[in-house]
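Please find one structure pasted underneath; my questions will follow.
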Amino acid sequence: MMNMLSINIFQNWLEQTHGIWYVLVLAGIAAIYLGFFAVAGLMLVYLERRVAGYFQLRLGPNRVGPWGLLQTIADALKLVSKEIFIPKMADKLLYKAGYYIVIIAALLALAVIPFARQIQALDFNVGLFFISAVSSVGVLGILIGAWGSRNKYSLIGAMRSGLQMISYELSAGFAIIAVVLMAGTLKMTGIVEAQKHTWFLFQGHLPAIIAFMIFLISGTAETNRVPFDLVEGESELGAGFHTEYSGMGFAFFFLAEFINMFIISALGATLFLGGWLAPFGITDGLPAQWLWGMIWFLLKVFVLIFLLMWFRWTFPRIRIDQLLTLEWKYLLPVGLVNTVIMAWIVWKDWLIHLG
Amino acid sequence: MTYLGKILYGIKTLWTGMKVTGGYFFPNITRKKYVITRQYPDEPAVVFPRFKGEVVMWHNENNEHRCTGCQACEIACPNGSIEIIWKREVDPETGKKKKMIDQHIYHLSMCTMCSLCIQACPTNAIMWSTNFHNATYDRGLLTKVLNKPGSKLMAGVEE
Amino acid sequence: MEPNTQILSTEDLRSQEYFLNMGPQHPATHGVLRLLLTMDGEIVKNIEPDLGYIHRGIEKMVEYDTYRQIIHVTDRLDYLSSHINNEAVALAIEKALEVEVSDRIKVIRTMMDELTRIASHLLWWGVMGMDIGALTTFMYAFRDREMINEIMEKTTGARLTMSYNIPGGVMFDLHPDFVKDVKAFIPHMRKVLPEYDRLLTGNIIFQRRMKGVGYLSAEDAVSHGASGPVARGSGVRCDIRKKAPYSAYDRVKFDEIIETGGDNLARYQVRMREMYESLNILEQLVDNIPEGPYQMPMRTLIKLPKGEFYQRVETARGEFGVFIVSDGKKNPYRVKFRSPGLSNLNALIQAGRGVKLADLVAIMSTFDFVIPDIDR
Amino acid sequence: MTAEELKNYLQTWDDSLEFIEEIPEDVALFAALEDVPSEWLNVEVPLSHFKGIMRHLKADEKTSFDYLFNMTGMDWGQELGVIYHLESTRHGHILVVRVRTADRENPEIPTVEDIWKTAHLHEREIFDLLGIRFTGHSNLKRIFLTPDFQGHPLRKDYEDDYMILRK
């Protein structure tokens, strides 16, 4: 009853301030957004499997639909039809809350990613801060999901996840700060616009390249991918934190992982590779600028995603203490020094401006 | 090694590994140059003539086989996969009673493909077939009778 | 309430120890090995193996088999060195009957041994990469292993459990393509082995995961009965091919690979370098396979004289021994298979104490267990 | 050392070891088994002095058998026993030692786990399959079969209802 009431109040407030149509349009946009990312996540899974296939001298999925494009849809259907299994000794509330938190955190971060000029759900002045805040919520879902499922392997995985997330947020933050120093704003569109003439990767030359590498490494770590997939570590922990999940619970975790990969790549493309801007402005005069923007943006994102996949299918997994050594002894000091150098460069205006 | 040297060395080794996988990946996108997948039902499986698929009994065009029913294969078999049911029948030519096989039963489900029965056979009646499509839904179907119905012993084998 | 003035030591901060069941269904145990781990956080305090999930009672079973029938059972012990296991039984029977086999048989057996060893090490390399997270190694190793499998299939008719040896020879003669295929295989292998090194061995993450992990001293290795690459990685000379040469190993030149590191990297390097040595052996033999019979005349029903016969061979995993006690009948009185796996497992308990869980997985993969070999 | 030299050397032990006086006159310390055709020296040691002899076989500089490469539990019909295959990694010679006990109900043999650590699992295996108790073993439990399993399958008098009868 209380819930109903509070929802009503919220609804009334929305209707009074903005009108019913505004609410409906918002809801429609949200639905399109979610649908788009569900499909995009599935396509990313397909892409991953294809790329893995070619790396491993295989073909990858090629039977369902043209070029096997429908393979992951078929897999998703299979997962939906599976029995939802809750372990007898599990803490049911936490067990179920786990995957919702993970998927919601992943989807929330999508809100501030600019796909093209004007194509962005939310553009507010602390967009970058929002992303780094929201993306660290996901680990909470992993932790309580693993705790709730009462499995020692899950718990080991979740503990590793917490450790990893706390550590690597720092160096990712320093890499982002290097960009913020150049852009002078936390607003996502502002950052892209600041790269009008030169991408930050080239504008900030050496420190920006170092920041980009740190960002890629800590981004890989935050998405729990090889070489930092200790959280799942299938040869050590079975499946890590989602050992006990089946059906859609597992699918949510899986989808969240891929959406997180998309977010990290999108963030990298926005911060370092000029977001939706065309290289050298080659498509600037053409009509349908929003479409070109999206094409360039997605292209850059896919290059980064491919890089992450290349890492994944080449490297062995790192050990937990080496993970911390890498962060605290290498990435963090380098990131700190790099930030100082970057500040110096910005202060002296030694940035490279082409055009 | 210095601090920076370590970092550079690490990046170098990682890049060396990435070059190997990348060297396979990029030719694979366009030409599928190194792809080793054999897409089985579309492309036929490569089976070599000596492949040990299942034991079969050779029959000629007159539905005659070479098995005399001596049970050497049954004794040689370590798993009891072969059972021979034999009967005494009157030989139409000589008119004498004679030991002949009724059914040469072969349990494929128990066979370990050790070739001992084929080594043991004095008349080369049984041999390997390269057939490997042996999956069934019913385990009973894996028990086979090797001699075809109505078949008889080839003349001149017993000498 | 009194404030707690006692100074806490790091021992007081230790968390509670707990048990972790590793296996029988665990991706890193490669089969149904079950290890009961006593853990402190991520650190393995104690390992207790719980075996028998694939115990088939082979030693009892073969007491009811004739000597010819024993051989195909040994395929199912260490299925990755099935040919070498077969050979051990065949050699033991030949030793008991004092049969001298022809040179051709010896050379065929030796070449098959070495092909089996390379195949086994290739599979180990691929799976080892997977164990520490590099999934691509598996496919690369299997691509090359496939060539060996096809050579095997052409000659013996099977890819894994070949049952190719019989007392007094081999089942079939070599396939006409054998020499050609082996000659094509050797240069291919010499080309891809450096590639493996580039992909995995030199990788800094791999080096960090391997170096200094899972140390096993030479004394411990001997005392625990470790053999094969595990002991040689600790600097113990234990290659049966050198110590007690069988088949054609006394006529080929090869080095016994010794690494003195005693850690994961040493064991890894032993296997990688052994593949080169196996290629050397193959190269020496492939051009001069002598003519001669491929089976010696033997009685159909073999009866061994009364006595005890022991034959040691070097499989890909270590020393494999067949101990036949005969009372003169057609069935053996008692057969004991000395498997390398069980003794190496003993050494794992030593080497895996006090490491992290992820390291235990890496150590297990450098020990290269085949579970049916441990359980028998 | 060759098998012959080893045999001669072991016979000199008869009067050099301190535990020797406990042996009755009619029991030989090493009964070399001539009837077993083998390339290695086969000896049998009395159960009463087994542990001391085994310890000495490893400790003695001349023999220094440090590698126990095989342990076989045996059921000789009347007696149970164990055959040890010992090798010296230093000298390269091999000795086959056997010990037997006539007690079928409660057979006990001292453990050699503290001399060669490899015996830990091998002794558990022999206990499991033949029922020989190794006194002093640190963790003597069944290893392959379930804890509630009845009987010891490798014994010759073991009968199993499910065993397939052969023709």
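For reference, chains read A, B, C and D in written order, and residue numbers begin at 1 within each chain.
Quick note on the criterion: a residue touches a chain if its C-beta (ideal position, glycine included) is under 8 Å from a C-beta of that chain, and two chains touch if they have at least 3 such contacts.
Every value quoted in this text rests on a predicted model; they were computed, and no experiment measured them.
Peer 1: With centres defined as the mean of C-alpha atoms, identify the chain lying farthest from chain D.
Peer 2: Measuring from the centre of chain D, the most distant chain centre belongs to A.
Peer 1: More contacting C-beta pairs: C-D or B-C?
Peer 2: Most C-beta pairs in contact, of the two: C-D.
Peer 1: Find the geometric centre of each of chain B and chain D from their Cα atoms only, then give the gap between the two centres in Å, rounded to an integer.
Peer 2: 44
Peer 1: Could you grab the centroid distance between chain B and chain C? Build each centroid from C-alpha atoms only and quote it in angstrom.
Peer 2: 26
Peer 1: Just give me the whole-number Å value for how far the CA centre of chain A lies from that of chain D.
Peer 2: That pair's centroid distance is 64 Å.
Peer 1: Taking the mean of the C-alpha atoms as each chain's centre, how many Å separate chain C from chain D?
Peer 2: Chain centroid spacing, chain C to chain D, equals 26 Å.
Peer 1: Indicate the residues of chain B shared as contacts by at least two other chains.
Peer 2: 14, 17, 20-21, 36, in rising order.
Peer 1: Return the residues of chain C touching two or more other chains; collapse runs of consecutive numbers into ranges.
Peer 2: 136, 143, 199-200, 203, 205
Peer 1: Residues of chain A touching 2+ other chains?
Peer 2: 55, 57-58, 313-315
Peer 1: Which chain D residues qualify as touching chain C in the complex?
Peer 2: Touch residues, chain D against chain C: 36-38, 40, 42, 66-70, 72, 74-75, 83, 85, 89, 92, 96, 116-118, 120-122, 125, 129, 139, 143-146, 153-154, 166.
Peer 1: Considering the complex alone, what residue numbers of chain A touch chain C?
Peer 2: Per the touch definition, chain A meets chain C at residues 52, 55-58, 152-153, 156, 226-227, 229-230, 233-238, 313-322.
Peer 1: Which residues of chain C touch chain A once you look at their complex with the stated criterion?
Peer 2: The touching residues are 18, 20, 26-28, 42, 129-136, 138-140, 143, 199-200, 203, 205-206, 208-209, 356-359, 361.
Peer 1: Taking the touch rule as given, give the residues of chain A at its contact with chain B in the complex, in rising order.
Peer 2: Contacts found on chain A: 51, 54-55, 57-59, 310-311, 313-315, 330, 334.
Peer 1: Help me check something: in the complex, which residues belonging to chain C touch chain D?
Peer 2: Checking each residue of chain C against chain D gives 48-52, 55, 57, 59-60, 64, 219-220, 222-227, 236-238, 243, 305, 307-310, 312, 319, 321, 323, 325, 334, 336, 338, 342-343, 345-346, 349-350, 375.
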